[in-house]
Every structure is written in C-alpha cells, then in structure tokens.
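Chain lettering (A, B and C) follows the sequence in which the chains are written, and residue indices restart at 1 in each chain.
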C-alpha cells in the first residue's frame, strides 16, 4: 500500500515519500526496508532500525518517508489494521453446531463447529460464535459480538454490541456465596441474578465474570478485561475501565469510570473506587478509595506515599542497625 | 407465594401479613413493593427499602409483613430457592454427545450437546453433564453431580454425590513435577495418581485440581472452591473448607477441617494447616500453622500481630524521619 | 516386574533381591510390601515404610531389596513409567471431529470427539488432539504433541515436537493492548503477531500464552509452565525455564535460559531476566535482574537481603516501641 494512501486513511500528514510501497508493519528493531514502523520521541528516532518508513509525532523531522501523527502509536495501530486486515469469519452455521429450535439467529451470523446455542438465546446480526462455545438458555447477544472458541455463557447473560470474549472465558457462573446452616456446615446462597456486559467490552482468555446473587453484575461500555481476571458477583465496572491480567475484584465492588488496574490487583468486597483511579500492579485494595489518584502497594495508598514506604522497607535492615547503634550510644550516655 | 407459606417452608415465624403475596426476592436497596428482602440488624432496618416484606432476626420489630428467623440470611437463601426455583435439566442424552460404548450411565442422566464420556466412565443417577464437558476414561461420578459446560475430567478422577463443577474447571490434570536429569535438563516426574472429590463439593469456573504424582489428591466432603483456584498434586483439603478465588495451594499441602481462605491466598508446599484456621485475603503461608486462629499477611501470622506490623509498615517514612531526628540529637549531645 | 529388570532399565545398580517381584510404585508412607519406593537420605531410610523394595542413593546400605542410583528420584521417576506405563491414545479420527478439508494430518494422528481442526492447519505425525480441542487456521504442530481436551490454539500458532498442552490452555489469544484515542476512549492496538512454542514444552491447565502484537511470543525448548499462568504478548521464555502456577509475565519480558519461578511470581513489562535466575514464590519483579542469583520478595531482591528485610518487617512493632523508648530517653536527657 502506498504511504500516501496510509497517511490519508489513518488521518496523518504525509511528510515525504508518498509513493513508498509499504508491505508490512514492524517493530522498530528488526524492521525490514519495506516496513512501516513508528517512533514517539527524538530518542526513539535515533534507535537503529531498517524500517523503510516511519510514523512520527509533531516536531520530529524524519530521515526517511514518513507520516506525521498527533498520536503516532494510534496512527500505527490503524496502519496495522490496514496492512494486516483481519479475515472476517464467513457467515454460516457449521453443520456440527447445535442450535436449539427456540433460539433466534440474526443475519450474517457465523457459528463454528460443535458450538451450541440454548433455547431462547438471541444472537445479534453479524455475531461470530467460535467452535465449542456454549451459549446458554436465554442469553442475548447484541450485534457483531465475537465469542472465541470454548467460551461459556451461562443462561441469562446479556451482551451488548461488539463484545469480544476470548477463548475459555466464562460469563455468569455462580458467585461464591454460602451461609452457615447453624449445624456446622453451609448452605449455598442461591446465585439467581444476571450479568450484563455493555457495548464494546473485551474480556480475556479464561477470565470469569460471576452472575449476581440476586441483582446484576454489570460490565459497562468499553471496559477491557485481560486474561485470568476474576470478577465476582454483584460487581459493577465503570465505563472504559482497563483491568489487567490476574486481577481479582471481590463481591459487590463498584469501580467508577475509567479506572485502570495493573496486573494482579486485588480488591476486597463491598468497596467503591472513584472515577479514573489508577492502581499499580499487585496493589491490594482494602477500602474504598477516591478517584483521580494513582495508588500502589498493599494496602494500597497514593503512589507517593507507597513509594516512600517501599523505599524505607527496602532499607529496613539498615534502619534496624541504626536503631541499635542509637540504643548503644544512649546506654553509654546513661552509664556516664 | 403467600408470606405464610414461605414462613412455613423456610422454618421461620410469621410476624404479620400472612396473606401478603410475595412475587420475588430482592436486595434491600431497590426492592419493589411486592418483594421480600431481609435485614440482619436494627441498623439495616433503618435503611430505605421499598420491600413489601422482610425477614428479620429475633428481637427486631418490623414495620411491615415479616418472617422472623434465627438466621435471616439463611432463611432468605431458602426463600430465594422457593421464589426462583432452579429449572432442573431435562433427562436425556443429546444426539451430538459422544458416549463410549463401555461407559455406564445411571438413571435420569442428562448429557448436553457435544459432551463426551470416555470408556469405563460411570455416571451416577441424576447427573447432568453440560455441553462440551469431557469425562475421561474410568471417571466415576456419584449421583446428582452437575458438570457445567466445557469442564474437563482427566481419566481416573472420582467424584462423590452432588458435586458441582463450574464451567471450564479442570480435574485431575498432571501435577507440576520434574526431576533434574543430570545433564542440565529435566525429566517429567510421572503424574500417575488420582483425584478424589467427596460429596457436596462445589468447584468454581476455570479452577484446576491436579492429580497426585502417585497417591491421591483429595477434596473432602462439603468443600467449596471458588473460580481460578489452583490445587496442586497430592493436596488434601479438609471437610467443609471454603477457598476463595485465585487462591493457590502448592503440592502435598494438608488443610484441616473447616479452613477458610479469603481471595488469593498462597500456600507453600508440604505444610499442614490445622482445623478451622482462617486466612485473610492475599495471605502468604510459608510454614505449617495451627488451627482455630485467624491469620493475615505474607508471611502469614496471627491477625493481631499482622495488623500491628501492617500499621507500622504504613508509618515507615515517619519512623525513618524520627530515627534520623534521634540520630541528630545524639550527635548534638556527643558534640557537647 | 523383577527388581533386576527395573534396575537395568533405569540404569541403576542392583544391590540385592533381583528376583523380588515389584507390583507397583508407592510413596514411602503407606507403601505396601510388593511396592517399590525411594529414599534420598539416611534420615529418610529410617522413616517407617512397608515398601518391599527401595531405590537408594550411593553410600546408603538398604535393609531390603534395592537399587542404587546416583539420583534416586530420577530413577524412581523412570520406574514409575515402567510400572504404570501410559496408555497411548489409539490413532484414529473420531467421526464427530471436524477436520477442515484444507488441514493436513500426519501419520498415526489421534483426534478426539468434537475436536476441530481449521483450514491450513498441519498436525504432525503421532499427535494426539483431545476431545473438544480447537486448532485454529494455519496452526502448525510438530510430531507427537499432546493437546488435552478443550484447549484452544488461535490461528497461526506454531508448536514444535512433543509439546504438551493441558486442558483448557489457550495459545495465541490477543495480547492486552489499547491506545488512547484522543477523545477519552481507547482503540485496540491490533494483535497480529504469532506464538512459537518450541520442542518439549509443557503448558498447564487454563494457562494462557498471548500472541505478539506484531512480532512473536516465543516459549523456547524444554520450558515447563504450570496451571493458570499468564504469558503476555511479545514475551520470550528462555530454554528450560520452569514457571510455577499462577505466575504472570507481562508484555515484552525476556527470561533467559533455565530461569525458575515459584508460584505466583509477577514480572512487570519490558524487563530482562538473566540465565538461571531463581525466584521464590510470590516475588514481584519490577526491573531487570541479572542471572545466576536467587531472588525473593516484592520488589524482588537477592534472597539474603530479602530474608533480612522480611525478618525485620516481622519485628516492626518491637522496633517502633524501641524507637519510642529511645525518644523518651533523649527527652529525659534534654530535660536535664
């Protein structure tokens, strides 16, 4: 594809070399001479690269054919899709798929081998249901969802438009709720609520979103959830939040809009997290926290405080020795 | 359902409004006027709710139709099942399921689309095997087990009665065992043992229970395990233990009866935990610990000690400043 | 099997009792009189065992029929395989499996019920594809791979020889990459790269290995990965590394050869770990670290330092009291 065409399609400004024929995208290191890569800074521009063309930010003069973008990474993301266009699944229902006669399928739906669709399920137009995926009774999928192979949607889950579930993800499984039965054992607290997943949510492989005990678990519009994440019953995740791998959100937690969690954050039950709060990897959240701040550590505190205590923690042996020295000096003084 | 009928069936005492027609259960907040909810304390009774009827504990005078229960949450759990009765799977074997001719099926068994049952497997009366579940060679299931879609039981696993496995759970996979081969590599230590899961165990979505290397991994009666939990080879989990999400139990660990673990607890290999020990979320257990106590933190210690050190940890920067001040004062004194 | 035959086949020296008829292998405790067990030390030899025969290390005189091996555990591992030989899957394609007409199958391949093989996939000689496993378009499997039930290989993944994937493992799912779109939301950074898994790799149940965004994620020869592990996009794991359960490796991390990670280690993105580095369970790696050392704690430091600070951490309340005492003494001195 000609560089000029890419520039136009990604909304960038052609800096030079409009006729340059881009064959592929590549990371800076190891790029071949017919590839397009990108830099975000003057420093990156100096890194060795064989890339034949670059996407650069404003204020940087490239030494080869280039496109200038306000946000080079965003432009590059769009260029990837141009040069490596995804192959859309061919509509059609594989003969080995099992579609209950009371299920409703939209137009242009694609259903893979051995997938199963339960009674009363509604599959929106253009949805792709991967091989071996299980869509339970009464599940509703908005248009253009992609359900990768071997996902499981328990009965009653509701998904909006363009929701993507990666392989092995489980939606609307029972929450973990038991009540002491008064004679030393427990009885199951019935998990009869639902899960609602709004438009443009993407959920990673082997992630689990539990159904509510009575009401609903809700993953709001545009939320992105990574692999192996646990979302417990009755949780609400606010619009546009990003939740990295292995994070666990306990029951009845509410996250605000645009919350960002690094890998393996843990959140205790029934807390509320304000809009835009950011959590460093491995943070442990043990109480409600206000939005607009960056948190770290377990128990999680604001990052400046967290860093201070982490630094001091790493110096604990030295601090202990200094304390001992102080004690000895004091004894000497008292002895005098 | 009339409130009087609910009271009778859940073993509670009708306080008033026996003719009140309950249409559904609801959480306190957001309950509609034809719903039943519950309170556990005087404080909760003061929370705004539109619930038409309540379950209350002894000693609390309700202001509307109500049932009095020794344990309101338990009573409410039972009321949920009355008002939202689960729909039992219809017995029958889906034509797309693959049942080996050497497998034995009990009466009233239900097997979903594309599930497969291996040779020599025995499926107890009333079991439900979900779509796409894989029951390996020689697996034995007691009566009334529910195996949700896409679970995998490796050959030789044995389940008791009424065991529930949630979607994507894997039982009796190989433990993680390798031996240095003397020339810089490793050889697999064969994982030839079994897994035994006793009656009334429930295991969460995408949880994994490894088979023993030689002997058995055993999950005893009434244990409840949450999503994404790892149970390594040769582990024993004592009766009635509750293990929350993302917890990991390393090889050859023995947990006593009634052990409770919050989310994402980690237990190192070969340790023994006494009956009734309770572990706060994110605890890290690095040695054997006696029962009947509450533990927290990593390394896990009794909760009072843990809280003390966590509090001091959060004050480390202040402590360091105070130490520096003490040092300066001492220098001043010495200079005099 | 006669003890003499076992000795010969595992490459050990028969110490006595060559005609002893070994019926099974067993752990030391609970072994029956016709079983073979093993000890690694004089101390273990004194533990009560009913084992009829033992594998012992050099320098230990057994009191019963025995085999002497340089490495008794390795010898025992080999004896297990002799006495409990794995039953190889019978070659053949189950009629319910779905093989795309453009897929190529090697000789002696076994494909289980309801598995599916996509167009252009190449399955090497002797591979076993378990029930319900999903092999995507263009996936290449070397010879003798074992893909357990319900695994998912996204399109384009490449596996070497003898790779084992345990049930529910997901290979080449999308990495977690999003770019701010400049108007408060995010756009997906396309995940168009691949995953290469080299020879003799074993990957645990419900583990996830993401595809690269552009280049490749690579798991090198002989790596062993436990259950529920997360390997993010563009990661490289060096030859022979061992990664225990619930560990998470963030994007673009490079591990050297022979790296060992205990359970639930976390590694932040873009760091490099040197050959032979060892990490204790629950370590948190926040920067590049050199090889050949043992690390522990979060943030991970060399084990001696880690242990020192962990010990002092556990004494924090005492240290705080001692600091307060010092302060009071100083005040007394100043008052004088």
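In the analysis below, contacts are C-beta pairs under 8 Å (C-beta built on N, C-alpha and C of every residue); 3 or more make two chains touch, one makes a residue touch a chain.
Predicted model, so just to flag it, every value in this text is computed and none were measured.
Participant: For the sequence-identical pair subunit A and subunit C, determine the rotation angle of the Cα superposition and round it to the nearest 5 degrees.
Facilitator: 120
Participant: Counting residue numbers used by both copies over all numbers at the interface, does the subunit B-subunit C contact come out same (over half shared) or different (under half)?
Facilitator: Different: when the shared numbers are divided by all numbers used, the fraction is under half.
Participant: If you average the Cα atoms of subunit B and of subunit C to get two centres, how far apart are those centres in Å?
Facilitator: 25
Participant: Out of subunit A, which residues touch more than one other chain, so two or more?
Facilitator: 96, 114, 132, 150, 168, 206, 228, 246, 313, 319, 323, 326, 330, 333
Participant: Show which residues of subunit B lie in contact with subunit A when the two form their complex.
Facilitator: Residues 25-27, 30, 70-71, 73-74, 77-78, 80-81, 84, 86, 94, 96, 112-114, 130-132, 148-150, 166-168, 202, 204-206, 222, 224, 226-228, 240, 242, 244-246, 258, 263-264, 281-282, 310, 313-314, 316-317, 319-320, 323, 326-327, 330, 333-334 of subunit B touch subunit A in their complex.
Participant: If we count contacts the way the header does, which residues on subunit B are in touch with subunit C in the complex?
Facilitator: It comes out as residues 96, 98, 114, 116, 132, 134, 136, 150, 152, 154, 168, 170, 173-174, 176, 178-182, 184-190, 192, 206, 208, 210, 214-215, 228, 230, 232, 246, 248, 250, 266, 268, 284, 298-299, 301, 305, 308-309, 312-313, 315, 319, 322-323, 326, 329-330, 333.
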